[in-house]
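First chain A sits with chain B, and in the next complex the same chain sits with chain C.
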Partner chain A sequence: MVKVYSFDGCPWCDKVKKYLTARGVEYEVRDIEENADFAAECEKISGDLTVPVTTIDGKNFVLGFDKRKIDELLATA
Partner chain B sequence: MSIYDFTVKTKRGEDKSLSDYRGKVLLIVNTASKCGFTPQFEELQKLYDAYKARGFEILGFPCNQFAGQEPGSNDEVQQFCKLNYGVTFTIFAKGDVRGETAQPLFKYLTAQKKFAGFDMNHPIAALLLDALQKNFPEYLAGDGIKWNFTKFLIDRNGEVVARFEPTTTPASIAKDIEQLL
Partner chain C sequence: MKERIHKDVVIIGAGMAGLTAALYCGRMNLDTLVLENAIVGGQIANAVDIENFPGFISISGGDLIATVQKQAENFGAVIDEFDTIERVALKSSPKIVETQEKIYAAEVVIIASGMNRRKLPLPEEKKFAGRGVHYCELCDGHAYDGKIIAVMGGGNAAVDAANFLTKYASKLYLIHRSEFRADEVSQKRLRANDKVTVMLQTEIKALRGDKRLESVEVFDKVTGTTKILAVDGIFVNIGVEPNTQLFKDELNLSASGRIIAGEDCRTEIDGVFAAGDVREKEIRQLTTAASDGTTAALLAENYLAKLGG
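On to the complex of A and B.
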């Protein structure tokens, strides 16, 4: 399952979500502002509290709205 | 009518009278966006750290009215957002800062200090102006808040002494704060 770490009011997060939806990819939203556990996970994955972080396995991730990199990540799944 | 007549909502939804800040130098900022102008968060924190002992407070008012409206969508603007952890100055409840639904405090502030244009030397100014002209030309008209990180400087008597647009960095107004302390 694809996970998108994000928070409300982050336009790039919305773009990632819209892009995944448009590609027909199912994903889970993990709000790092509302949930401290998700915030800790996000920091562990990317080393910072910057979002969107898109990941499948919690190791490889894409920071930001970068279609090419997101495509590459999805291709590894 | 003065700044001290206003009551605002804390993050927890409680009423807070600005008269509690009587005698302090205040910087009132609409912060909201954790994107685009994010460096301003760090710079504001530096100002707060430097001057809080001398009676300086920063009051941040998050607003979603500009969310999803980042200036430009190219490489010049970072395409991610950072959560504003680590900021120790006061952040109040989310609310509107422009238009009919604006909080009374912001209606007052924008009436006291009018819009005097952007500093076009700021790296993001051209992008911001372009985005506003294309998508929200009505934002450019009048004296309402144009974008996140518009800053109002209040002296110890509650007088609104200056307005700084998003294109003025917090670091560059340190001298204005010092003058009032």
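On to the complex of A and C.
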């Protein structure tokens, strides 16, 4: 399952979610403002709290919106 | 091999100017595509409270732009905010706009690519970008909950960003090289906050830190002294610059980098129009962006009608 670390009101997070929706990809939103565990996970994955962070396995991730990199990440699923 | 697709009109940029042009082109039954490399809505996408757009006492930028987008889409315009533009060839016939995935050929191109935030002009900026140096308070402010924040700039955008970031900051410095340009109401609100120290006539001269930003060197222009300020993050709001990198070899740009076009939005290339803040002009407001979008679309239709004979 694709996970998107993000929070409400973050425009680039919304763009990633819109893109995944447009591609018909199911994803789980992990809100780092609402859930401290998700924030800690996000920091562990990317080393920072800058979002959006998109990941499948919790190791490889895409920071921000980069269509090519997200496509590559999705291709690994 | 990229797919080649024909359109009557390709609009570059989905801010107020681009979406208004799309709305008008759609209403005139023109086959219209809008491409956006960043965020739909452009500079106003994140605006909390717009009070100077006729028809609304107060509306958020997100709500206003979502409405205009819906209007444009209702009239058949297609908006693609995912496929990034890589190259344009505006002098050819038809004109070409090439994205990562497709090649669009169109008789008319309306450039409404707007402005980008100006980057911090320091050599360490790249090292700390996203690691203490930020440009979007709404996107990254949350990462500084309980931390020390500096905001750089003295215009409305900077002071609004500072006011917003006080909800996270344990301490906030507003650092600006001259005097405030922001409106009085925003200034007063900022100065009234106990967490805030306003430092006018000061400049950030260097960024320090190992892997992340840890402090900044601040030069006081009045006293001529430099001091080190411990900060966890700075949010840069030192103005905007036109988003014209794609067009610099195709069109005449002004000294400020904007596209030279008259009030009719026509550039020196027939069928290429410039609308909104990217066009060199004296007044740049949301209302004038909508006006430019309207003008460019109507004259685009006029141009297409003449081409069709």
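By our rule, the second predicted complex is superposed on the first by the 77 of 77 C-alpha atoms of A that agree within 3 Å, B and C clash if a C-alpha of one lies under 4 Å from a C-alpha of the other, contacts with A are read in each partner's own complex, and residues count from 1 in each chain.
Operating definition for what follows: a contact is a pair of C-beta atoms (placed from the backbone, for glycine too) under 8 Å apart; a residue touches a chain by one contact, two chains touch by 3 or more.
What you are looking at is a predicted structure, and each value in this text was computed from that prediction instead of being measured.
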(message) Taking the superposition on A as described, I'd like to know which of chain B and chain C A:Arg68 touches: first, second, both or neither.
(response) second
(message) Looking at A:Gly24, would you say it contacts chain B, chain C, both, or neither? Reply first, second, both or neither.
(response) neither
(message) I'd like to know which partner A:Asp48 touches here: chain B for first, chain C for second, both or neither.
(response) both
(message) Quick check on my understanding: which residues of chain A belong to both its chain B contact set and its chain C contact set?
(response) 7, 9-13, 15, 32-33, 48-51, 63
(request) Name, in rising order, each residue of chain B that touches chain A in their complex. (result) 32-35, 64, 67-70, 78-83, 85
(request) Mind listing the chain A positions that touch chain B in their complex? (result) 7-15, 32-33, 39, 48-52, 63-66
(request) Show which residues of chain A lie in contact with chain C when the two form their complex. (result) 7, 9-13, 15, 18-19, 22, 32-33, 48-51, 63, 67-68
(request) Show which residues of chain C lie in contact with chain A when the two form their complex. (result) 39, 41, 45-46, 81-84, 100, 130-131, 136, 138-140, 142-143
